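Shared between the two complexes below is subunit A, which has subunit B as its partner in the first and subunit C in the second.
Up next, the complex of A and B:
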């Protein structure tokens, strides 16, 4: 047998670990923006949820309780964003900026006042512990599939969610309504769809998904909260959503490309020779963002969002 | 008569023009109240916290007032720069999230021009203006990229500016600072080499570190105001901003070259925001460090929103945020983290996003007042 298989599988598993938080964030964006509400607060929501998840797990000693706390703060933040942008037709970007700024200040404040540390929380019960991972021992040793032998439940959830969200958006009445509201809310209203209700639902659901992204960071990859979270992963998620043309599978594909760039970069740092060595690290790190702009320019296919994305909806009286 | 006077004196044509000033004030007040509740819930005293915060903010005389005041103006000048970067673009109907990127691009340009060989030997009165021009060009070009993509390809500037921020960050921190611009190993300096003496901004208020950055930025703010309200160019840009929701058809019909103006607006926005980065390097750090503690760009968005995108408002909001950040270093005495002002800032921006609600409240209040006056005057008739 080839001795490279464990290495290959480990690399893929690493890529999946990198993928999950960003995928959650991107799917949150897909949900919200298909209903016409831009959410640039994905980053802040991830930060809040990453912290609350660790807090809940710290208090209870149970990672599932942490998960619930994270989802709870996701609902609260989603409701705040919806209250500002849907109920009062406030500017969606400004609201997003507000949540991001709040996330910086408030989470650091809570981190210092609850754990009495500045940089990171103490380790807590998490989903990445060997006992809580999902073991599919029969896959071990098989190339590529072997990477799926030992994953956290959150990674599985993220992957399954892509299919679920695709089904909901494109094969159910609810999904049709969400997309109708994002494309043309006035037309949707005349068909008897409650535009505000759909928007409220989509924004909160999207925010909860972003919260899962934060949880995948602090309770999946790591077992504690570090103050640099979410390290721009929310913004990569935003980029992936656009690169993936506002669809769940598109977002997944985009993130897998980003993840490959990431793994490639880690690989290059160690072993690159010749021409590849000449390309500095910064180019690999900024590749996802350059690709996204490239996608928007039309180099990699044209990316067009929902028609009424970002436009506050006001009922005509 | 009174109406005409108001129009002449204040230049305001709206009926409830004073609301534009009242909304940010109420938002700030509400944010402080929410902040106080937050401190109270987490088991600390809001009175002590605010006393410490404002005591060391440099706004009010007190012990060490001189140095607090200097520090406040020092950071305010950077917040005003990035705030203007946002406000200039906003006037033209563009949502510029890119001030963070412009800031660090300005910073790295200032560092390079400050230490690089052919420039470093020049006399100060040539070297310093040269750096400022170079910085504004670099930031302007970085800003113009987003403007170009918007004008020629129709890509939303929020997305491109966010992406360009990260590209700038990684290219600078993971390439320039650790690669071609790294200081020689023998010097023991991490990050870029230190800038030459001729590149440092002159101090104006010894013994503090206050330098001419605040004067430069006030002059720039005046120029921006002049540009927007006294020139045809500014008028055209404001027209674009006002008719944004109608898809720019009106300015196009009026013969404005919307594409060119969009690129120019983003160039100016980037150039001004980049000045903030130059202030940081030329007046505070004197080199570009390996890890740059950023955030000025994102805070600049808050500054502009609180200042309602008006030059004067941006100055006032910039001073407020600068004062909060300066005072924040002492709230740690009350066991409150120094990121506390971000909470106030975040809530202020949230309330400004909620301005429809605040305007609704004010109108309700005004209407009730009017009604009660009417019923008092005509009480008998009804």
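Up next, the complex of A and C:
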């Protein structure tokens, strides 16, 4: 069994690597939707941030600068979404779609004008480089815990954020206010909560989290931007948020099932022998999706979101 | 309210602008009597450092003797640059500029194939339209029947009709490659280079060219050492490097030390994984000489399985320029220089005796002494040549 421990740990580390970008997106959704603003632009925001992160890192040679650029574009896009949906009570879906479409075209345009390609940016300084990872050497060799011996700072941040966000949402005044605004903004308003302020905050904070998701892809797992990013990971995050009943830990659970199944299917494919070879490839590729849906149907039950989620708030005058 | 209107207007302008940026013709030089060659990339697009870039080299660099400039348009290149662009194994093929003008449209999505072809035929009046990749087989097939006066070239496939049935219109030439032959040779190299007796294979989608690569690779490994364990994984995507990295990590953690991918950009993730680890891990590139690509991992690229899409593109253009265009299927083989393997770091990982053996295998395939299987399922029952 001992020889299997490094493999087990490596597999879990891979699953965590796969988890981080989706988890950030899901947490961004949790933040925004608990305050009653649907954000389907997570995908587009990830794409923007993934690109700006690489751009910043390319210009400066420093991944941290890239991170700042990515967060910066996250704030800008969050502000745009909040401006349309909170300030002017615009349709949240339409605003989200607009940002996604904009991300598709504008990032491709920027990619071509800056890096002279519509395919892939050159490699840049990133957080996944062996020297930049967080080394906890004492964990090595321990089953399961060993998976945490060499992770990027972004993965750690995503995991810690689950706890932080849970604490903020359910154990602080701010969290209570956010949830109150998402459930019943009119009631919240009568109690003296500034609904607009809370919504602005939640939307921008959620967008910054989504931006981290993009950064975890382009500066964490990989070291360059590819034009196919974010490859639907924002939408998977959105789905995970719903399956996780709009809670940070719920989303984490849903994504972990998905990510582990992803690693598992690759492993099964690679080691299939004899009779198992007859299983068509499509089965393996769809396994993560089927397992996730199966697990969630069985375990989660009815998912009910915040009562005023997606409803534009207008002050009564 | 005025701000809102302004904002809406701004959004509309941005979005409409984006739409035009997305499909705007990249360049246009309507010179009288110049033969005009159109090319539609698949979704990998310009800068995929692989398949599409290879076709673009055949068209732009070799046939047109120009290079693409930032933001669209072309500028001529010098003789030195032209000569430097021709790889070692094609030096003796007498590649000369053909004086054609190039017109490239990139596809962002599968939906773009047919409109892009239509633009090249109807608006640009190209003499030859090139579709890069297996994915365009249907689009080219459909368009060829609609525009019988235009010639079409399809890379990696024969034209098919709407039902996916193979057709043979009089104005389409399809270029196929014997990927199994070059896959075989890199398989042999991998078998000599592995220290653990375990090697990996990462495929994109299960389409015929990728399956041929896999079959050749497995056969090459089997020829050198039947006891080598191969861990093969398909990612289901040519465009997701994160998945390629995941597959590579999985294979490495199971003990593989030489990895080969035929997964387009997904394979960039494999090189990333190998570069993070360094020695003793080796990566094997696909389609183009990835050992020359600074953006991947030149120090740990053992070899590359070469498929000269650039040369095929060049030959098709040449046939149109010289008026010798013939429809049907052309297969590029090891024998005619259409496929091969790159030297990269082979000399560092293999002994001279081993290199000689790989070269000997190459000659045996060229001389037709044995045939490499084209289907991975046939490798088990295939009898390899002995003495290696």
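Details
Please note the rule applied: the second predicted complex is superposed on the first by the 287 of 317 C-alpha atoms of A that agree within 3 Å, B and C clash if a C-alpha of one lies under 4 Å from a C-alpha of the other, contacts with A are read in each partner's own complex, and residues count from 1 in each chain.
Assume a residue touches a chain if its C-beta (ideal position, glycine included) is under 8 Å from a C-beta of that chain, and two chains touch if they have at least 3 such contacts.
Since the model is a prediction, treat every value here as computed from it, not as a measurement.
When the two structures are aligned on the shared chain, A:281 is found in touch with subunit B and with subunit C. In the superposition on chain A, no contact is made by A:31 with either subunit B or subunit C. In the superposed model, A:41 makes contact with neither subunit B nor subunit C. In the superposed model, A:106 lies in contact with both subunit B and subunit C. When the two complexes are overlaid on their common chain A, residue A:94 makes contact with subunit B while staying clear of subunit C.
Of the two partner chains placed by superposition, only subunit B is touched by A:298; subunit C is not. By the touch criterion defined above, A:7 reaches subunit C but does not reach subunit B.
Comparing which residues of subunit A touch subunit B with which touch subunit C, the overlap comprises 83-84, 88, 98, 101-102, 104-106, 108-109, 112-113, 118, 281, 285. Residues 38, 42-44, 95, 97, 149, 153, 155-156, 158-160, 162-164, 166-167, 169-176, 178-179, 295, 298-299, 301-302, 305, 335-337, 339-347, 349-350, 352-357 of subunit B are the ones that touch subunit A when the two sit in their complex. The touching residues of subunit A, when paired with subunit C in their complex, are 6-7, 10-11, 13-14, 17-18, 21, 83-84, 88, 98, 101-102, 104-106, 108-109, 112-113, 115-120, 122-123, 128-130, 217, 221-224, 226-228, 231, 262-263, 266-267, 269-271, 281, 284-285. Per the touch definition, subunit C reaches subunit A in the complex via residues 4, 7, 11, 14-15, 18-19, 21-22, 43-49, 52-53, 68, 70-71, 106, 108, 200, 206, 231-237, 239-242, 245-247, 249-254, 265, 268-269, 272, 276-277, 294-295. Those residues of subunit A that touch subunit B in the complex are listed here as 38, 40, 80, 83-85, 88-91, 93-95, 97-106, 108-113, 118, 232, 235, 238-239, 242, 280-283, 285-286, 289-290, 292-293, 296-298, 310.
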